[in-house]
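First the structure, then my questions, so here it is.
Which chain is which? They are A, B, C, D and E, in the order written, and residues in each are numbered from 1.
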Amino acid sequence: MIKLSQRLLGPVTLACLAATFVLGLWVTPEDRTQKNLVRLLYVHPPIAWVALYVSFGTATIASCLYLWRRTRSMTMDRIAYCAMEVSVVFIILTLITGSIWGRPTWGVWWAWDARLTSTAILGVFALAYLALRRANDDPTLRARRSAVFAILTAVNVPIIHFSVVWWKTLHQGASVLTSTGQLNVHGSMLLAMLLGFVGFTLLFFWLLRERYRLEVKRDARSIATLDEALALRRREGV
Amino acid sequence: MIAVARLVAAKDLRIEARSRVLLWQVLPFGVIALLLSGLALGPAQAGNSSAGPGLFYLVTLFVTLLMINRSQSLENAPGTRASVATLGLDPAGVFLGKALALTVELWVTGIVLLAGSVLVLHTALIGTVQALPSILVTLATLAVAGTLYGALTQGGDGPATLLPVLTLPAFAPLLIAGERSFSAALHGGALWEWWVIVLVALVAYTAVGILLYGVLEES
Amino acid sequence: MVVRLVNAVVMSRGFALLSGVDLEVERGSLTVLTGANGAGKTSLLRLLGGLDTLTSGAGHVAGVDLAQGDRRQLRRRVGWLGHEGSFYADLSVRENLVFAARALERPVHDVDAALERVGLDHRVDTITKQLSAGQRRRLGLAWLLVRRPELWLLDEPYASLDDAGREFFDHLLGDVVRAGATVVVSAHDPLRSREVVARTLRMSGGRIDAP
Amino acid sequence: MIAVARLVAAKDLRIEARSRVLLWQVLPFGVIALLLSGLALGPAQAGNSSAGPGLFYLVTLFVTLLMINRSQSLENAPGTRASVATLGLDPAGVFLGKALALTVELWVTGIVLLAGSVLVLHTALIGTVQALPSILVTLATLAVAGTLYGALTQGGDGPATLLPVLTLPAFAPLLIAGERSFSAALHGGALWEWWVIVLVALVAYTAVGILLYGVLEES
Amino acid sequence: MVVRLVNAVVMSRGFALLSGVDLEVERGSLTVLTGANGAGKTSLLRLLGGLDTLTSGAGHVAGVDLAQGDRRQLRRRVGWLGHEGSFYADLSVRENLVFAARALERPVHDVDAALERVGLDHRVDTITKQLSAGQRRRLGLAWLLVRRPELWLLDEPYASLDDAGREFFDHLLGDVVRAGATVVVSAHDPLRSREVVARTLRMSGGRIDAP
């Protein structure tokens, strides 16, 4: 079962994303005011959702699990690390798609808007996380420190989400899932969006899995070099 | 925990009082930075008192970074870490103590900078006084969060440069909240929503610090 | 057994500081580590003090499991005197020791006794960073006296001590071992203390040589 | 002198390249500081592109302080000073070498920050490119002056905190000149008067450094 | 005379590190400074190396007047090995020495020869801060070998060297003195080198005791 879903992850992701693109580019109608720009609706919000909630959620949960004594293991540390790395990619994509959307709608690539700024800051946060990892080379210490940092970072996610409420912003308010729980989008558009969300979420996990495997391989290699290093060191004695 | 906190805070403040770094180096830096920021914006915007809160917090931020750095470097002298580590101090106490000392130092700095801001940036005096409680709470939050982040950078390569990267994103919401509440006080607006953010952050950082400082220190 | 290491390995940046150490140390014994420069003496002491992490292998020190146990528990039982065994450089000699005594809830009275024993009573108000190398060593010893740990880990304790200091140190070792504490020392000079029987282990290439 | 300068610069840059502090710590710091400064001013003023040059130089200033500090701390490790002192290196060469390395580092940082400024502060791209030569010269001047002041704070207590106080007053005119010339380039105004100030400062600091660095080091 | 001090006093923050030293050292001689911890040995060596300033009294070292002369001239003639005689901590062993060789316009070839002599040839690419205490000492010696100064000032050179290192060092001292250089050493252990005749001076309270 698990094996099957493992094997299917890649193909399903690709299928979902392909369907999103087909629906988004050809099937769904043009918007009255936004014209073709509306098609970014199927890409930008899902990517942003992954960047904010899925990746930071994964990293935060893995970090908490690492810090909790009973579930502490290097696996959790590795997951957190890989999730954070993948999240950098998604945050950059969010910024790019947002900017592309912003240029025609707001007339600028970038604005001093609370959501945009906080998203960018979140991106630097993720980079800072990677910098912190580089600065520590004792694996346990690194794992602990980065776990604490990841948790502190997660605090920013709700701030970004509510930034549209707390500050007057250019950026779209919560329009898809409003506080009343009412859906504002219909028909093929809804389907395209939904597929987008599923597709990009799956894409995240796919990338995460590949990145994780790479990391495991790297660790395995370092275990192989461990024996070499030991032999080298012991030879010093004679 | 409280006893350890008191011990550590007293130690940090004693070193501070002896070396006079705050008085002779940090405060002058803050005042000059305030003047310079005003200059960098040009007379038109700086004379205009609305820039006051923003600049005050910007300068406070850099001062805070300097002070955190110093607070942590006390623990990082070669040999010191190993010796102190084997004392087995309660990490929650160490955290509270260092945060407390840093809070006191930041309060002193903050008050001087506020005076400077009133004098050179024409920030309204009454509004500033009204904003004082919220400013003190914000500074305490910065101190608490800073102590936590300071411990994260301890011992690594070049902590002096890693610290700013780690803290700036975390300080950003605090600074915004602080700035808004200061502005609100100046213009007689509502304060409570900003208070809530800062207080929640203060409590959250304190809790996280008490729980997790040990994890960070244990290398 | 206060210390039991089985095939202990410590890695740092791809280099094996310790390449498989097997070691047993009994309570109340004195162990001397010798060996060429870079053999791994300091690294072994750091591992025993909970200052470095075990990469592989197993180890128990003072009842604490090095792999999973609470290292803070371990550190609390250990007294450490390193190459640069200093303290807060900006506090005075006495303030440093009072800090340690308070932290351990020892009477402050112990501090003055310790300072007198190590011969620093004429330097109590000097700022630590202005001490000479040997005086700093002595401060480290005074601190251990206030501390009275179960397991003493001393890295080249003779270095920069003068003759009087070495003599004092020899007596101290005797006292400590007789009082039931365990001592592990790294040294290039043979231990001069004739009062206690010491076991000498040679290290090389990150391991302990077969006797 | 030139040989020594090349040697010292190569050494500093090699250490920098190895530790990657610039890449992973200083640059991210600069970018966040830029974002935050924009935020501190509020959307209304930051969106307005006239704030660009001021903010750029403000952030550059703080980055410069970090980098000077790091550049000097390389020389100040315990033991390093005495060993290197007995090499009897030509102080003028050491000065030039350290200033050169710092200049290179500041140029890298400056270009990244300029890109950031164009992207997020809407500083006009063409004006920025036109201002580039003057910016590079200003950064070089900051590096040269910074190396000189860095040597002043060497070895004292807490150089990390003393440095800002000493440098800020000296940097202020440079920053103003830099900012004005940047603004002038953006608005197509006259540039040469600011160039003169910065160039004179560059030459003056270089001359003073070559003549007096030895005096500062020898203590 | 390479060194001639008359009533030399060095003050630091109101404390007299040296309280009136009279000293003459001949070219090509070996002088050993002993004395209790804090007696002023390190302070005297620092003064001779031009690393500290004379507060009062007079002194000439290697032809340079300590009061008015160009201390950089002095430093260039002096080789220093301190308690923490390290180098740029972020450069590798070899890079550090190449830096020194380039600075002195010595052939880089000397570096490898020096590294081999002090037994660091298997550590040439290790970053200096990762060296063990004794290896750092050896690096300091290698650096002096590249440097070949007129006046060697060595602060407790035996500390943290292993037996092989000490033996090497003894030979080195003999070579150096025979080659006509002057050596002033501070030491707590008696000098072991039997090849050279050494004069031993005791210090206490910041002065040299009358013989």
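One rule holds for everything that comes next: a residue touches a chain if its C-beta (ideal position, glycine included) is under 8 Å from a C-beta of that chain, and two chains touch if they have at least 3 such contacts.
None of these values were measured; they are calculated from a predicted model.
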In this assembly, which chains make contact with subunit B and also with subunit C? A
Shortest hop count from subunit D to subunit E along touching chains? 1
Which two chains have the greatest number of C-beta pairs in contact? B-D
For subunit C paired with subunit D, centre-to-centre distance based on mean C-alpha positions, whole Å: 45
Averaging over Cα atoms per chain, report the distance between subunit A and subunit B in Å. 31
Indicate the whole-number Å distance between the mean C-alpha point of subunit A and the mean C-alpha point of subunit D. 36
Averaging C-alpha coordinates per chain, one finds the centres of subunit C and subunit E separated by a number of Å equal to 29
Two or more other chains in contact with one residue: find those residues in subunit D. 19, 24-25, 28, 32, 36, 39, 42, 78
Each of the following residues of subunit A touches two or more other chains, namely 121, 124, 127-128, 131, 135, 138, 141, 236
Residues of subunit E touching at least two other chains: 83-84
Checked against the stated definition, the touching pairs are A-B, A-C, A-D, B-C, B-D, C-E, D-E
How about subunit D: which of its residues touch subunit B in the complex? 19, 21, 24-26, 28-29, 32-33, 36-37, 39-42, 45, 50-51, 54-55, 57-58, 61-62, 66, 69-70, 73, 78, 157-158, 160-162, 164-165, 168-169, 171-172, 175-176, 179
Which bits of subunit C are touching subunit B when the two form their complex? 46, 49-51, 53, 71-73, 75-76, 78-80, 82-91, 95, 99-100, 102-104, 140, 143, 147, 149
Of all residues in subunit A, which touch subunit D in the complex? 108-113, 117, 120-121, 124, 127-128, 130-131, 134-135
So in the complex, which bits of subunit C are touching subunit E? 12-13, 15, 35-38, 42, 83-84, 123, 130-135, 137-138, 156, 159-166, 188-189
Would you pull the subunit A residues touching subunit B in the complex into a rising list? 67, 118, 121-122, 124-125, 127-128, 131-132, 135-136, 138, 141, 144-145, 147-149, 151-153, 155-156, 159, 166
